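The following block contains the structure, expressed as structure tokens.
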Amino acid sequence: MAREEHRIVKGQVLVPYELALGKTWSAFYDYLKEEKIMGKKCGRCKRVLVPPRSFCPRCFEDMEEWVEVSPEGVLETWVYVNMPFFAQEIRIPFISAQIRLDGSDSGFIHRVAGIDLQDFEKVREIVKLGGRVRAVWNPEKKGSILDIDYFEPVD
Amino acid sequence: MKRVAITHVAQSSGAESRESLMDFTYRVNKEILDKAGLRREEVGCIIAGSADVFHSGLSCANAFDWDGIGAFLKEGSRAEESAFSFIYGCMRILSGRYDTVLVTALVKGSENPDNDPVTGFYGDPFYLRPAGLNESVVAALQMRQYMERRGVTEEQCAKVAVKNLGNALFNPYADRKRRVSLEDVMNSERRYDPLKALECAPKSDGVVSVLLASEKRAKKLTKKPVWLQGYGSSMDHFHPGDRDLLNGRLPEAAKRAYAMAGIGNPRKEIDVAEVCEPYAFQELLWCEQLGFCGEGKGGTWIDSGASRMDGALPVNASGGVLATNPYPARGLYRIVEAALQLKGEAGEHQVGKPVRTALAHSTHGFGGQCHSVVILSA
Amino acid sequence: MAKEYRTIRNDVALPYQWALGKTWTRFFDGLKEERILGTKCKDCGKVYVPARSFCPTCFTDTTEWVDVPPRGTLVTWTLVNASWYGQVKEPPYIVALIRLEGTDCDFHHYVDGFDITDEKERKRKLKTGAKVKAVWSPAKNADIRDIAWFAPVK
Amino acid sequence: MGNAVAIIGTGQTRHGRRSDACYPDLVREAVTAALEDAGITLADIDGVVLGTMPSMMEGVSSTHFYFAEALGSVGKPVLKVETCGSTGQSIGHCGFFWVASGMADIVLVVGSEKMSEGDGQATMTTVFDPFFQRTFAAGAPGVFTMQSMEWMYRFGIPEEKGREAAALISVSNHDNAMDNPHAHIRMRVTMDEVKNARVITYPVRLLDVCPASDGACAVVFASQKAVRKSGRKPAWIRGLGFRGEEFFYGESDKAVWMSATEAAGEAYRQAGIRDPLKELDVAEVYNPFTYQEMIFYECFGFCPRGEAPDYVLRGTFLKGGELPCCPSGGTLCTNPIGATGLIRMAEAALQVTGKAGERQVEGAKLALSHAMGGVDQFNGITIVGSTL
């Protein structure tokens, strides 16, 4: 029998971590439970960032002021995801999207759903760049990003 | 040759922080910039020091580090161990292309698994990992040899923990603050016989920063610049079994640093040292190899009291890594503590004697696979 | 790890398939046949175990294979009593460095085969320079654990 | 401006699925080749810089330990520098500064990745922030698709035109890779094949996307003194820039991409370049995705914003065009992440020293190399020239 010249060894690495959310991000999730999307406003450059920051990464100053932003906004870009990969959290197909919520100055990453996602050609008739979307709340709040269940196209 | 100085330093406590790593980082860098009277835009370049995914659970740690260190649209980079980051920052100044460089090391040990599983991943998946190696296991193998071949006693090794944890009581930033007696150390759990629990460093949080500047700029930024005089580093073989664990690469790293700094007799010329001792006996072994005492004399040296805060050559007046161990940041903590001693700003743990030259040492890897030595002067 | 402040749990679990390469494939195949194979450097003459594709000192390719006897002497050891997440073996166990006969480096493996929890036994059996020999696992997977452990001789 | 630094040797592995070699042996293959190319031995090297992407890719932590011998670094100072996909450029920059600082005469810089050993997309997902965005991550293709869509929408680029230009980029990179003996994917593809390939994340298709490769690259940086001593033709470092944006995707505008624009601007200032399209002879752009390559052309000032597809379709960036891009076949045909940015730098050095073999751009004197990292977060640039 011919000897295998080079072999592959299979293995797994599993490492657990527990990451602190800190004051600002904890508060963001508490607000989500109350169906409020809150950002923070920089006293210097006046930008409103969602998710909120304890400090403005550009001005490097503390961000003190909480601002409620609209659950509605403009779809800045999106991607139709229909490829499976290891440890995926949402079942495919899904739409990953960047949304500029009214009253904010940054793109918010979430998903677009609430429509039939199976047929891509039909999806692209409904989901359009520059189109408006609105948050649909998850009735069950877990203090996670999916407390907003998804964003749905408006009209 | 051009010169580079540390003008300002800032550090967090080593104790568990409730802040997110990003905010935790920001606080310290905000503090150092405020101290220097600079906005982040005015700094030439910003370099992070953080370990890979295993110390944070985040791949490409530099991506997460970036905002907290204040590097948005700045020239910058990241090195994996904080002594690496420090010397890379110095190189940037010495190249003549930057007048100021901010170097920040960061980690939250409290968020991660213990050091033992984390350092176990240094091992290759075929041999060292399944053979049960991690940093503590190799340290224990090294300690047994140290005692048997050099005649150093277990009590002498334990005394390092008594001394350093005692010093830590005077350091407001220390993580493990507890007065321990020799009996406490000797009777603590024999986790890796002959290594005992109190001889092993904890796992700490920590963000630490230095502002580096060119000679001209440094003199404008501070009245008390701390100058880089020497640097040396060396890498050893990967398999501990390919080395003599008592004759590693530290003498070579030290020799390079001493040559650059023009130091002929370290025992006399170095006033204070911060030595990276994640395991108590290693302070003695490293001090031998740094030339602070003769080979095999580490035991009698600690007995003599020379390395105490009031001794002839105080070692780890800060409490060292045995008190505070934010793993990838611990090298820069040593450098900052050495700088504070030189500036005379170490507060309650300022050593009694005048400090003109200080040594800071960093090591990581199995049994000291990689060593870096930095010499600083007032 | 219960914390009194808000955290998120972030488990990183990833699958791997690591290539052994030619030299280590042959080394592990050797273990399956109860042979410990080393390689000898033609420049410095040193014998390394596990086998290497190149000499770690001279940086030259190693071409000569050597059968190393499954016995040697104890260089140093530690008794591991600590436990942690994802540990390879249930503590207590002994990790040791062993200088196999005819080699120029130390080999990492476990020492077992007597009551390792008995301190007196340890003191008696685990002296530096004590002779040890490989004890083979009955079931072999062509990996490092094909050697179950090294046991003190006599 | 301090000491001059040049590249005097480069080495690359045969890239691809290299399950024949364990990881350290793969690294050593590149190191050996670079030493030979530079005409030096390990004894000549003062320091070693290593970088990979995140170590989670291969499941071994802090690989500067594991590779100590393969890098020839035993007894030498080592620095480990990593910035995700832009690692290759960042380690090159570190090599530059080490020599420029006067602390070393010769520094060996090595980048590597062995992607066949891990799960590339799953690893990539661990780069996304675990607090808010990871839930919605779809690996690298998801991000690059979002960015490309935003860019086309912003500048009103018709979908058809974008598609046509992206397909041409795929075809030409694949053609170029046929000239590169190190390349991973070596096959010719047609426009129709690209346009009809399997959709990965619409509109990105299989042939718009780079492979996952195993490979390593080593580059030797030398001081002026060491250059003279080596007798090798040097590729002088003329300019370098590195910039990063915020961690959270969506905070910065990725259609105009400030980090890419400013990193290039910085490098141009140092190199004294005003009109990159005219002055550069060749560019090695980090192009894991065809559409993204066009965004880079705009950020690097090769063409006005929104006009990259026109320039592409006009043949500006083809071999024989005004500014040939990726004559090596680029990242699109070879992507061992931690090595990729350094491969770009090595290829640029080969071009300006006339050593690029079949893929040589005739008379190239000034070349740009680039890498991108993170979730569209970082960009690094190095300009090399045949003269100082």
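The first chain written gets the first letter, and so on, giving A, B, C and D; residue counts start at 1 in each chain.
The working rule: a residue touches a chain if its C-beta (ideal position, glycine included) is under 8 Å from a C-beta of that chain, and two chains touch if they have at least 3 such contacts.
All values derive from a computational prediction rather than experimental measurement.
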Among all the other chains, which ones are in touch with both subunit A and subunit D?
B, C
Any idea whether A-C or C-D has more C-beta pairs in contact?
A-C
From the C-alpha centre of subunit A to that of subunit C, how far is it in Å?
46
If you average the CA atoms of subunit A and of subunit B, how far apart do the two points sit, in angstrom?
39
Subunit B-subunit D separation of Cα centroids, rounded to whole Å:
34
Note: subunit B residues in touch with at least two other chains are 18, 20, 22, 53-54, 57, 66-67, 72-73, 111, 113, 117-118, 121, 125-126, 237-238
Got the subunit A residues that touch at least 2 other chains?
5-6, 8-9, 11, 13, 15-21, 25, 57-58, 86-87
Which residue numbers or ranges of subunit D touch two or more of the other chains?
19-21, 56, 59, 69, 74, 119, 122-123, 126, 130-131, 246-247
Within their complex, subunit A touches subunit D through residues 5-6, 8, 11, 13, 19, 21, 25, 49, 51, 57-58, 76-83, 85-87, 89-90, 94, 96-98, 106-111, 120, 124, 129-130, 144-146
So in the complex, the part of subunit B that touches subunit A is made up of which residues?
17-24, 26, 29-30, 33, 39-40, 54, 56-57, 66-67, 70, 72-73, 108, 110-113, 117-118, 121, 125-126
Given the complex, residues on subunit A that touch subunit C span 3-21, 25-26, 29, 86-87, 143
Residues of subunit D touching subunit A in their complex?
19-21, 56, 59, 119, 121-122, 125, 130-139, 141-143, 145-147, 149-150, 153, 199-202, 246-251
Listed in rising order, the residues of subunit B that touch subunit C in the complex are 18, 53, 57, 111, 113-114, 116-117, 120, 125-133, 136-137, 140-142, 144-145, 148, 189-195, 237-242, 245
